[in-house]
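Shared between the two complexes below is chain A, which has chain B as its partner in the first and chain C in the second.
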Partner chain A sequence: MKPFAYHQPHQIPDAARLLTSVADSKLVAGGMTLIPTLKQRLASPPALVDLSRLGSLKGITDDGTTITIGAMTPHAVVAASKVVLTRIPGLAALASMIGDPAVRSRGTIGGSVANNDPAADYPAGVLGLGATIVTNTREIAADKFFLGLFETALEPGEIITAIRFPVPLKAGYAKFKAPASRYALVGVFVAKFAGGVRVAVTGAGPGVFRVPPMEEALSENFDPSAIAAIRIDAEGLTSDIHAEADYRAHLVTVMAKRAVDAALG
Partner chain B sequence: MQISFTLNGRPTIVDVEPATLVAELLREQLHLTGTHIGCDTSQCGACVVHLDGLPVKSCTLLAPALDGATLLTIEGLQGAPGSNRMHPMQEAFREHHGLQCGFCTPGMLMTAVALATEKPDLTEADVRHGLEGNICRCTGYQNIIVSVMAGAAAMSAAKGE
Partner chain C sequence: MGNVIGIGAAPKRKEDQRFLTGRGNYVSDIKRPGMTAGVFVRSPHGHAVLRGIDKTAALALPGVIAVLTGDDVKADGLGSLPCGWGISDAKGVPMKEPPFPMLAQGKVRFVGDMVAFVIAETPEQAEAAAELLAVDYEVLPSVVGVLEAVRPGAPQLFDDVPNNICCDWELGDKAAVETAFRKAAHVAKLSLVNNRLIGNPMEPRAAIAEYEPGTDRFTLWTTSQFPHVVRFLMGALVLNIPQHKLRVVAPDVGGGFGVKQFHYGEEAVITWAAKRVKRPVKWVASRSEGYVSDRHGRDHVTEAELALDETGKFLAFRVNTLANMGGYLSTFGPNIPTNLYAPLLGGVYTTPAIYCNVKVVFTNTVPVDAYRGAGRPEATFVLERMVDVAASEMGIDRVEIRRRNMIPKEAYPYQTPVLVQYDSGDPMGCLDGALVAADVKNFGIRKAASASKGKFRGLGYSTYVEACGLAPSRFAGRLGARGGLYESATVRVHPTGQVTVMIGTHNHGQGHETTFAQIVSEKLGVAFENVDIVFGDTDRVQFGMGTYGSRSLVVGGAALSKATDKVIVKGKKIAAHLLEAAEVDIQFEAGKFSVAGTDRVKTFEEIAGAAYVPHNYPLEVLEPGLEEQAYYDPVNFTYPGGCHIAEVEVDPETGTVTLVNYTAVDDVGTVINPMIVEGQLHGGIVQGVGQALFENAVYDEGSGQLLSGSLMDYCMPRADHMPMMKVATHSTLCTHTPMGVKGCGEVGTIGSPAAVINAVVDALSHLGVTHVDMPATPNRIWRLLQNASLPVAAE
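Coming up: the complex of A and B.
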C-alpha cells in the first residue's frame, strides 16, 4: 500500500468536508473491498476518511411500515437482528450469506451499496425491496441509484447515512455463489408487496437489474411455477472464467424460483 | 499516528503508519507471530483475530481501526486463567487431530472460538458454514469439523461449571 493520511471524524459534516478537501480521497467503511484494492495498488488515494466513529450511522430501527438500517451496520448485525429477522427475514438471510464470518463482522451495508460491485448481494436486496438510499444531502430511490458497473448516483462528497426498506408481505433471496469468493455468480431477490412483486438480479450482468416479465407473472401468481418458463436473454450478461452468459441467464430463472420458494418459506 | 488498544488483556500503545495492516503490526512490530499470513488477500483465514470479540481477518484491517478497541490473538487464547492449560478448543483440536501442518490452525481456532461463543449449540451445518472463510490444504476439513464440535461442547461444559 502507498501511504495515505487517515481521518476519523466524529460528525458527518466533517467527514463530507474532509472527503472533498483533498482530491481523490476515499471513504472507508468496513474496508472489505477498499483495503484489498489498496493492497493491490489498484487505488492509491491520498487520504482515507474513516466512517467508523460516526455513531449516528449504526443501528436498525423499526419505523412501522419501513425498517431503517444505518449505513455502518455490519452484515453480521443485520443477519442476527431480531427486527430484520421478524420483519424482512429475506434480507437477514441475504446478509447471512455474504462472504464469511470475518467479512460479516466488518463489512457494512452502506459500503456494499456505495461500492455497487456487480456481484455483491446487497444491491439485489436494496433494488428488490425498492429501498431508499438516504445520504447526508438527499434521499435516492433504489431504481435511480444503481447505474452500472461500480457506478451509483452518489455525487462527490455525498455519504450514505442509512438505507430505508419498505416492509414487504414476503421476500426471499437465493444465490448461486462462486465457490472461492462466495460472491454471487447469480443472486435473485424477490419481494411481494400489496401493489405487486419486484425481482432484482445481481451477479449476472454488469450491474443489478430487475426482470419485469417475472414481476408480472409473480404478481398474478406468487409461486415458482409462474416463472419456470420465463427465460432471460443472455445478451449483455457477463461471461468470465466462472461462467458463460448463457449459463448465468439460465441460473437467473433457477435462482428466482428458489427465491420465491424461500419467500414462501 | 499513535493508537492505544488492549492486546490480549494488556494495555498497548504503538506508533503506526495509517497504512499498516494489523497482521503486519502484530507480526513485525509486536513480534506476535502466531497470527499467520497465508494468502494476504482476505480469503484463507489464517490471520483471523478477534476485534472487540468478533472474528476479523487481520490482513484486511488497518491498524487505526484498533484505536480504543480490544484485540485477542492466538497468543491470548488460553484455558481457565491460572490453569496453565490450553483453551478447550485447542484441546479439542489436539484430541481429534484437527490439524496436520498447523499453518491454518491459529485462524481456524480463532474462528471456531468465535462461532462457539456466538452459538454454543453448533450443528455440523453451522460449523461448515462458519468455516467458509478458513482454508486448510491438509486435513480435508473432516477432523476440523469434529474438533470444532467437540471444542464447542467443551466450552459450553466449562461455562456451566
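Coming up: the complex of A and C.
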C-alpha cells in the first residue's frame, strides 16, 4: 500500500469537495473492494474520503411504494432488515448471499453498485427491480446506470447517497456461485410488477443485462415453465477457467427458472 | 500433581492454549533490532532471457539499502539450490540436473522465478523500489503442459536437456508384464490427468535472517517443516556457512502440507543478504506471492492398462506417466513421481507383475514437489480408477472384483513386485467395516430418493495402501536419496522430575506437543502437564530430519520411545543403588521403581533428584544426570491402508456434484490420541476431496501465466462442502515400529480422490460416462452430460 491522505467528513458537501479537490482521490465505503486493490498496489489514490461518518447515508425507509436504502447500509443490515424481508424478500435474500459474514458486515450497497463488478449481486437486484440510484447531484434510473465492465453513469466526484427500490408484487433471486470466489457465476433476479416482469442477469457477461424474451414470457405467465425453453445466446458472454460461455448461457435459463420459483415462494 | 495421560487417551491439545489465545509465535511476529525489509522481484514472464537489470532508479529511492541480483550471487561464488534426490534411468544414466540459482541467472523459467532482492528500511520503500527496478526481458514462448513439453519443437528450458526430459525412469519387470498382457482375457485401458495443486497453508512463507559479526554466526528464522535440513542444505551446499555458525529456527508454523519441506531460494538469499547489509532482514510473502513461488503438487498425465483373466483376477498392470517438474528441480522433486509413486501401484492387490515408466519433464511452471500424500495419492488414483473401469467393462461388481484380488490378512508380510514389502494389514477387514459404516446395503433407497428429485446419486469405493514413515535410510539411499532419513529425540529429566523432550520433527498443526507428551507420560508415569516438547531450533534440538511423509510419530515417536527406555534403564541402576538391590530385581511401573516382591519403592522424582544431587550415588560406575538420547532409523516403511467410500449427488441441470456421505475405515496401527488421529483423517479427506472436486492450478500455455493465482480463482474446499464424515480405524499393528504405529498424516488425502471420482462416474454411468477428470467441476460435468451417449434424465 502506498501512503495516502485520509478524510472523514461529516457532511455530504464536504465529502464532495474533498473528493474533487485533489485529482484521483477515492471514496471509501466498506473498503472490501477498494482496500485489496490498494494493498496490491493496483490503485494508489492520493487521498481517501471515508463515507462512514455521513449519517444521512445509512438506514432503510419505506414510504409505501418505494423502499429507500442508504448507500452506506451494509449487506448484513439489508439481509436482516424487517422492512426488506417483508416488502422485497428477494432483495434481502440477495444481500444474504453476498460473500461471507465479514464481507456482509463491512460491504455496502452503495460501494457494490458504484463498483459494478460484472459478477456482483446487487446490480442484478437494482436493474431487476428498476431501482433509482440517488446521488448528491441527481437521480439515475438503473437502466441508464450500469454501462458495462466496472463502468457506471457516475461522474467524477459524484456520490451515491441511496438506492430507491419500487416494491414489486413478487421478486426472487437465484445465484449460481463461482466455485472459488463465490461471486455470481450467473445470478438472475426476477421481479413482477403490475406493469410487467423484469429479468436481470449478473455474472454471465461483462455487465448486468436484461433478458426481454424472458420478461415477455413471464409477463404472460409468471411460472418457471414459461421460460424453460428460452435459450440465451452464448455470444458475448464470459468464458474463463471456471465456466465457458455456453455453460453460462445454459445457467441463465436454469437460474431464471429458480429465481421465479423463489419469487413464488 | 497432574495426571498421567497415556496412549489411547484424547486430552485437549497442549498447543491450542497459545494458538487459541493469539499467543503463538510465528516468523512474522518476530522483530529484531535494526530490522530491514526485503522484497523479491519476480519474473512476470513464464520464459525469458534476462538481458540486464538496471538498479539505478530503485537504489535512488529513499530508504533503499541494497538491490541484489543473480550477478551478485555469481560474484560471491555461491552454490545452486540442491536437489536431495538423484534418480537414474533404466540404463543407470543419472537425471539431468541443471543448476537452480537462488536468483535467476541468464534466463527466467517460470512466472515467479526470482530475479532480484530489494532491501529497504520499510516494506513500503522496498516495494516502491521493486516496482522501479528496470529488468530487461527478451520474452520466449513458454510451455506449461507435459504433453506439450515433450513434443518436437517445444520451447526448450535448458540447452542441455533435450525435449525437456529430466529423466526417463522406470520400475518393474517389463517383459513379465508384456507376457501377462498376451495371455489376458481382458485388457482395460484408462487415460487420466492428475490435476496440479497448490498447497495454500494458512500462514504464508516468511523468513528473517541476522548476522552477528562478533561471533560470526548467522540465525535464520523460517517457516520450515525441517530446520536442520535447511541448515545442512543451505549452509553446506549453497552459502558455505559452517554448520556450527548457522542457527535455523522454525518457530510456530501455520500449516505446511509439504509446501514448507523444501529448501527455498528465499531462505538462502535472505541469509546471504543479512551479512551483506549488516542488518537483520525480514521477508513475508503475500498470498499472491505464495501462489507463484510455493512449490506445487501432483500434475501427471497417465496412460494405464490392466490385464485380467476371465474371472477378473489382475494379471499385470502397466502405467506410463508424464510428470511435471516445473522450471527447476526442487528439494524432493524427482523423487515424488517416481519412488513415492510406482512402488505403490500394487495397492492392496496381488497383481503379480507391474511395470511403470515415468518421464520426468521440465516446464515453465513453479517447481513441483511433495504435497500431502506426495506420489501415493497419484498411484492410488490410477489404480482405483483402473479397477472400476475393469469391473464395469467385465460386468463384475466393483466390490467383488476388489475382494477377488485383495491380499488376504494371512499373506502378510507381503512382497510386491515393485520393491516394497508390506509388513501387516487387513484390507478385507477395512472394506467390510466400511461397507457397513457407509450403509451400502440401503444405497438403492437413497438413489431412488435422489432420482425422485431429479438428481443422480453415485457410490464410489477406493482402497489404498501407502508407504509412510519416511524412511529407512539404507533403502532410500539405494533409490537415490542423498541424505539419511532417521530421527532423533532427547529426553531431559529435570532434577524435580519434569521432562523436556528435544525432538527433530516439527509440529505445525499435527498436535505433536500433545501426542509426544502422552508417550512420555505413559512410559515414565510423569504427569502429562509435566512434559514439554521442544522442536524447531537447531541450537536447542540435537538433530532431525523434520516432519513430512507421515513420519513424525513413526520415526520421531520411535526415537522418543527409545530415549525414554534408556531413561528407565538408567533410573533402574540408580534405584538399585538407593534400594540396595540388584539391578535385575528393580521393576519400573507407573512412575515407581521398586524391588520385585517387596514394598521398597523410589518414585521417579526421587530418582531424578538423586541423579542431580549425587550424594548417595554410584559415581564410580554411573554418570550423574538423567538425560538420554536416541536416534532411530526404521527397518522398513510403514504401510497404513484402508477403504474409503464416497457418496455423491449430481444435479444434472447445473452439473454440480455434492458430496453427501463419506466413510473411511483406516488401518493406522496403534492410535496414541484418537481425537488427533480423527482430526488428521478429517483434514486429509477434505484435501483429497478438494483435489477431486475443486482445486486446479491452471497455466496459460504460451504465456506461462498462472490463471488460478489467487483464492478468487483457486477453489479451496470449505466446511460447507463436506458432510459429517464417518471415520473409524481398523488397526493391525506395524510389526517393526516400537509402538506398532503406522502414521496417519496423509492417509485421508490418499484414499479420497479416487473414492469421490468413482462415485461421480457411478452416478453418471447410466449415461455412458466412464471417466471424469479432476476436478469434477460443474462446467466439466455439464459438458460431459451434453456429450453423453444417452439422453439426460433421471432414471
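What we mean here is this: the second predicted complex is superposed on the first by the 265 of 265 C-alpha atoms of A that agree within 3 Å, B and C clash if a C-alpha of one lies under 4 Å from a C-alpha of the other, contacts with A are read in each partner's own complex, and residues count from 1 in each chain.
The rule is simple: a residue touches a chain if its C-beta (ideal position, glycine included) is under 8 Å from a C-beta of that chain, and two chains touch if they have at least 3 such contacts.
These figures come from a predicted structure and were not determined experimentally.
Student: One more residue to check, A:206. First (chain B), second (chain C), both or neither?
Tutor: Neither chain B nor chain C is touched by A:206.
Student: Report for A:148: first if it touches chain B alone, second if chain C alone, otherwise both or neither.
Tutor: neither
Student: Who does A:46 touch here: chain B (first), chain C (second), both, or neither?
Tutor: Neither partner.
Student: Which of the two partners, first being chain B and second being chain C, lies in contact with A:180: first, second, both, or neither?
Tutor: In the superposed model, A:180 contacts both chain B and chain C.
Student: For A:251, select first, second, both or neither according to whether it touches chain B, chain C, the two together, or no partner.
Tutor: second
Student: Which partner does A:242 contact after superposing on A: first (chain B), second (chain C), both, neither?
Tutor: In the superposed model, A:242 contacts chain C only, not chain B.
Student: Looking at A:6, would you say it contacts chain B, chain C, both, or neither? Reply first, second, both or neither.
Tutor: first
Student: On the superposed three-chain arrangement, identify whether chain B or chain C touches more chain A residues.
Tutor: Tallying touched residues of chain A, the top partner is B.
Student: For chain A, what residues appear in both contact lists, the one with chain B and the one with chain C?
Tutor: After superposing on chain A, chain A residues 1-3, 180-181 contact both chain B and chain C.
Student: Using the touch definition from the top, list the residues of chain B that touch chain A in their complex.
Tutor: It is residues 1, 17-19, 21, 40-43, 45, 48, 51, 54-57, 60-62, 64-65, 67, 111, 114-115, 130, 132-134 of chain B that touch chain A.
Student: So in the complex, which bits of chain A are touching chain C?
Tutor: Listed in rising order, the residues of chain A that touch chain C are 1-3, 40-41, 176, 179-181, 241-244, 247, 250-251, 254.
Student: Write out the stretch or stretches of chain C touching chain A in their complex.
Tutor: 124, 127-128, 131, 288, 653-655, 694, 696, 698, 707-708, 711-716, 777-779, 782-783
Student: Help me check something: in the complex, which residues belonging to chain A touch chain B?
Tutor: That would be residues 1-6, 8, 28, 31-32, 35-36, 38-39, 48, 50, 52, 76, 99-103, 105-106, 180-182 of chain A.
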